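The same chain A turns up in both complexes below, where it pairs with chain B and then with chain C.
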Partner chain A sequence: MKGQPTKEVTQLIHEMKVGNVEGSYNITAKTLKLFKKIINGPGWTNAEELMNVVRTQGHILQSAMPQETVTASIARRILKLIREEFELLKAKVHQFSEDQASMSLHKLVTQTSNDVNVDYTEPQQGLREALLDHLQEMETELETSSENICVQAEEHIHSSEVILTLGHSRSVENFLKRAVKKRQFLTIIIAECAPDSRGHNLAASLATGNVEIIVIPDSAIFAMMSRVNKVIIGTHSVLANGGLRAACGSYTVALAAKHYSVPVIVLSPMYKLSPVHLCSYEQDAFNLVGCAEDVLEYDSLASHSAKVYSPIFDYVPPELVTLFISNIGGHAPSYVYRLLTELYNPEDYEI
Partner chain B sequence: MNQFEKKEVIQAILIADNNVDQLRPFSDENSTALLPLVNVSMLDYALDALNRSGIEEVFVYSSLHLRSVREHIKNGIASLNSWSVNMTVHVIGGEGCRCFGDAMRDLDAKALIRGNFILLGADVVTNADLRPIFEQHKKTAKYDKGAAATLVFKEAATSSIRTGNEVMIAVDQQNNRLHHHQRLRLHGKESHFEVPLEVFLNNSEVALLHNLIDPQIAIGSPSMLSLFSDNFDFETRDDFVRGILINEEILDSRIYVSVLPRGQYARKVNNWLTYCMVSQDVMNRWAYPLVPDMGINCLAQQYVYLKNNIYKSRKSTFIKAALRENVAVQAGSQVEAGTSVSCSVIGKNCKVGKNCVLMNAFLMDGVHIGDDCKLDCCVVGFGSKIGAGSTIAEGTVVGSKCAIPAGKLLKNVVIKSVLGDDDDLVEKLGEHAFIIDDKQETQSTYASDSEDEVLPTAATGIPKVARVPTICEESDYTSSSDEDESRAVSPLVDDTNIFLAEVMDSLARGFQEKSNPDFLILEINSSRYAYNMSLKEVNFYVVKALFSLQDIKEPANQNVLVAINNVLKQLGPVLSNYIKTPDAMLQCLRALEDIYEENEFVRSKISKVVHYLYDKDFVSEDAIIAWYEQLDVEDHRALRQSLKELIEWLDQSSEEDEDDDEDESD
Partner chain C sequence: MSTIFDLKTWNLCQWVTGSLVIYDLILQRLSGECIISILVQDTTRKKLFFIEICLTKLKLKMSTGSDQRTDAAVEVRNYFLNLLEQDKDLSSGIAAIKTLLMILEKKRFDTIHILHTTMRDAVAAMRNTDLSIAAVVSGGELFCRFITLSLDDKHMEECRQIMLHRGKIFLTKLLNSRNVIAQQAKKFVTDGCRVLTHSRSRVVLKALISAAKNKEFHVYVTQGGPDNSGTEMVADLEKAGISSTLILDSATGYVMESVDFVMVGAEAVVESGGIINRIGTFTMGLCAREMKKPFYVLAESFKFTRLFPLNQRDLPDEYKYSRKHLVDVSKVHPQVDYTPPAYITLLFTDLGILTPSAVSDELIKLYM
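Moving on to the complex of A and B:
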């Protein structure tokens, strides 16, 4: 699986590292564009080759930025697309072949397991065009995903409710903006989410509407929870079991919500679903540890002897999540596995 | 083309091969910029930092090891190092360029720099975003045509150990103009600073900042280079700063200052102590995102990050070895059973044997360490082999490809594999191991060059690798008893002990700095009220503290009387302020009783000490006799014995006195 990264991949990794490209949406859009270029390019002649290229580049992206799961997820989705398109085209060619026509229902159901040995090296006419069409669809889906989530705001937020959120998620921002427009007398409580305190930005952005906004420190989350009707948070990604990898502080919110039986609604567009399981809380598998100086000043006396641990993410187990709202509707955490099989081919889980 | 010209390309100059003498023996073998720090060469740190700041063109200036630097840059571009994206790197060099100033003059002659530029050493580790500072400099330069440079500083804990990079500056608060610049002494703390009076007279708002570290980052105007050309005596950057400050009017140039905000780290590696400190800082994630697990110069991640700041490569093997804290282990290394590693860096393809102890040890690539070795505060160079059972400690630096025989004990030495022409051999350890003299004189001349006052040569020396984090800080905690934190740390200590400690601190400082006794009395009195001491206790503890001063505890030439005389000459007024009444005198002598038990010098001379106090009118004879009589016959037999003569003599003299008195009254 070793290979050289293409120029665009290097560029993307660099921009992610430097921080020019941030936010799942932007990273996804960039990655998609990158793969589109690869598919458009001359680097492949048949499906097998293309899949290898996508896998290699996906792997490079993954190993460079393991915490950004969306890059690998996009690669997985494209792999699945290639498989599907290839089979579709193949089926078209052999449309009238005998075994295809006389296939029983039982055969149809069990067929997938036999298909492992499909020979993808066969050249297929029109594969490139078909794939590009599908990528176009994916791009449109990506662009409209935020809007599609927002549309559901009215179903979940009612007048004179108290909503609590944490940090600054773009989906949540748009969702709440929509709700503020449609509903009256809303109170929005925003936990500031130290040490970045991005909650302040969200508060500033929402403050224009006719809405009461309260910014609280993270330590006050539990105290405020008793008054809250709904918790609405964003997430960095959704794991295979329906658990969340979300901004540090989300676990506190979810636990407090559980204690007061407040529903926790998570906004997550489909591209944030990733087929990875949590296997350890350590950084290698899950977390990312940030800068020490966010927590403790370098010129403090303790700075040389202290070991500062500033994790970026929290794991929120699926039982604390009430509902996922994605661009295709609401889902329970237990349903995530089903969505995953729709999005990705199980063979591509390991990239 | 038009569009291209409009866009300004920010240029940066990296000076490699700076401060060569302090990183021996590696500086003899290769460019110090290529020395690995937590397994990434320092040049890569600097380049990565510039790349993150959005700099597009970098000139690496190297003179001594031009070829290897060029090779390194070429390899870096070939292997897609992260700095090679979006940034062009040129390596330039000049023969016969001996110092920083020469490099600047050479750059001026080559005329490569078109506008304002960023200037830093190749040995700087920073995560700072230099763009805003650059913009600020441009703005300043617009208003002040004579703005030659903006110096960048980083705040650091004031108590941290001196590394030679600390500065004290006076800066105008309103426009950030630098008015005074003084490098702090490497050893010992200054008791006073001299700042020219004009600084305060001519400016309404001046801030003195003394807790700054100078990472040697500067934003320069084009005039900075020409200033170097015009003044051929500028050798270092400090010369430049001082020259400008002294001749501000003549040169029509000014220097500005920018202090890095919180969350931005910058430090320079110019000796082994800073090497050790910066390594620990990198592993402690102060330089985030320049931390090992983020892939500093390569695309893929090399390490797995575990609890307690342990970074280990997936391709390294550990067989029942303990990794305690702050450890980075590169690919292909192997650590055997029973070995414990803490605060250390292990390079590529190293082998560490069984039952070793590694603390603050920095192993570069391919080091082999035998069984049962102890490595503490040391650096071991590429491909060196250390025989079984050796102990290497206290700032030892082992060069590349050395082979140290088994069972050696090495402390505070520099070892090279091949003897160079200008090395002074101290001892030959083996075929490929020579202890050489580490040329401390060069350091002292350097220090006195950069500083007006000549420093005592005996005290100077290149700072060695030392245990940076915990130990120094701990001692700081206990000694700084006037700080709230220490009180919180040790709540068990009762008030009297704290009071005693404070009085001792006050007196020791007062004695050293020869401060006014009245102030000391004030200080002691305020301590007294803070801890609610009765007057009796105060008298007792002041005397006790006085006699517990370092000078009396360990008198020079073992002569305790001279020491007491010296102390009392200075602090006598303090003592006489408290010891006035007969009661107080009794307390004073009781305190002496305690001292008698503790201090053997006083014990042998107790009668003379008491006599001295009597002579100087601190205690009266009545008090002495009363005290003597109160002494328990059994418990204080020795004391009574030694005082006996004195008492007899006093008795006699008092009788005479009485006679005299009677005579007078007659």
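Moving on to the complex of A and C:
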């Protein structure tokens, strides 16, 4: 797919690359704003053109920052929105509507026309307004997603429980803060997640009078697991099979939890769901290698002869996850495929 | 054409001769296509008696009429086998659907009931072959379902046209399904990887060939007893320039540590998301699970079957044994086994890449 990035897209890519925009939430919010501007702008006259623009820009964002799946996911959601709105408006005019939403066995059997593709070039009155309305809804959903996850904290965390988490995830931070407010005698064990040791920040932010906080090195995860009641972690993104791409060390945590049959709860707002499969571990852009300075200093003696890696992500297979908590409720990993079909159109999986 | 007898106007004498006339007419006409309706308005006992005679004789003829039914069955079977003979790459499920479509096109149906019985008979006739019946059953069932779904409150002929039209689209989609699957699966075959597959599967072959266009990898193929079709698979792979090794079925455990993933086809996908496939697939699934290797299944969506086996015994005998052995199965070897969904990582279908739990969702959507 060819096309030039718009000025805003280039700007966003630049900011992501230099690290000015960090965290899935911020990236999602920025991307959404960017697409809103495109929809608001004069660059399109019908749905087909708009879809092409969204697809091109989404593709550019994705290939520039392949590890940030949220950008492409937002593009996919907008594409689905355009399809739906277009068909809705069309149905209002023609008084009929054929469900084109997804490929299913049922549709395979009942399809009457050979022409699967809807003609999106027809101009539709009010498409822009309808889309902007929906984008507003999406923005609200995004803003409230963290809060909606937090309100479920009480259902999952009870008094005197021992919770283990890893690194510093914003969702987990808010979730635990809520739990600390409502429940007493909690113990929170935080694996520091070296070499960044972002777990220290989480510990600092959670430290109040009525909670016991224990910070442990990553190597002690297994040793501590036997006394843990629940593992609660965040994730970078959720893959199509319900697997996780999460901070390095999550696999260790999940395996140790499996060994002691401790439930693993993953906090993931809906925008982190991505219809991507992990084809192989060598897959492009599945993992990133971070700065190795913290692992082994550049001027140390060993650094001349040793190779040092500091990978950023872990793949956690779906069978190690007990429950996902998203802003719309709790789901089993086997249900992720269903959520995906509701969020995105299968035709947009390849962007 | 239709002949109407108005019994009300007949006297007794006419009844005696009349019944014979009716009987003769019935005999003559039954061979052709006609409807005989008997109007009975005031029925005395005697008249009833005669009608009864007529009907018993009619029944007699009807029972001898099953000759025609067997004729039709032979015709269906021949057509079906002929299709498979002509195109070796054709799946038996698609051949079954093609055959049913042919029947729908050639024959005239006056009522839904007749249509349904004809279809059921045809499926039964095709099941009566020595081929593996799993795909025939699921294909046939899908087709029958498709007929029910296309029936609105329309005239029969109109319905038939809709069915034919839809049937053709349906068929073209099915014929393309192997390509769709190959496109999805090829991303999972990476450069330098080693793949294990079980015996011969046309869809796995297609996926591997399309992956080989820009990648190099090695394929281990099990021999696939009892008919050793793995040999054929290896020949096909070599022809496509893919390096491959033929291994014994019993060597599955041996090679498992050196492969990256397992990729198999399926004869049927059941409601739980498990699969029915050539004997030895379950063993392979167990080995793959033990050694933590991904186990991928490639199957077209017409293979989705409404069956919910919990273990090997639950599989119907006609799936497991060839027809000539069905009389006594105690001493023969099963031809297929059931691999539960827990051993399957992903299913590649023309509906997309599915987790085993998504299969029942698709089936429910169709059959509810």
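Simple rule for what comes next: the second predicted complex is superposed on the first by the 328 of 351 C-alpha atoms of A that agree within 3 Å, B and C clash if a C-alpha of one lies under 4 Å from a C-alpha of the other, contacts with A are read in each partner's own complex, and residues count from 1 in each chain.
Everything below uses one rule, namely that a residue touches a chain if its C-beta (ideal position, glycine included) is under 8 Å from a C-beta of that chain, and two chains touch if they have at least 3 such contacts.
What you are looking at is a predicted structure, and each value in this text was computed from that prediction instead of being measured.
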Looking at the overlay, what does A:H304 touch: chain B (first), chain C (second), both, or neither?
first
Tell me the contact category for A:C279 with respect to chain B and chain C: first, second, both or neither.
second
Under the stated touch criterion, which partner chain does A:G234 make contact with: chain B (first), chain C (second), both, or neither?
neither
Based on the superposed arrangement, let me know which partner A:P346 touches: chain B (first), chain C (second), both, or neither?
second
Between chain B and chain C, pick out the one touching the greater number of residues of chain A.
B
Regarding the shared-chain residue A:G167, is it in contact with chain B (first), chain C (second), both, or neither?
neither
State whether A:S334 touches chain B only (first), chain C only (second), both chains, or neither.
second
Kindly classify A:T10 by the partners it touches after superposition: chain B alone (first), chain C alone (second), both, or neither?
first
Check whether A:G242 is in contact with chain B, with chain C, with both or with neither, and answer first, second, both or neither.
second
Footprint overlap on chain A, where chain B in one structure and chain C in the other make contact:
282-283
In their shared complex, at which residues does chain B touch chain A?
51-52, 54, 80, 82, 85-86, 127, 154-160, 211, 262-265, 280, 284-286, 288-289, 293-295, 299-301, 304-309, 325-326, 468-470, 472-474, 476-477, 485
Name, in rising order, each residue of chain A that touches chain C in their complex.
103-106, 108-114, 240-242, 277, 279-280, 282-283, 334-335, 337-338, 346, 349
Touching residues (chain side chain A, partner chain B) in the complex
5, 10-11, 13-14, 17-18, 60, 63-64, 66, 282-284, 289-294, 297-305, 307-308, 310
Of all residues in chain C, those that touch chain A in their complex:
142, 145-146, 149-150, 162, 165-166, 169-170, 173, 187-188, 190, 193, 260, 301, 304, 345-346, 350-355, 357-358, 361-363, 365-366
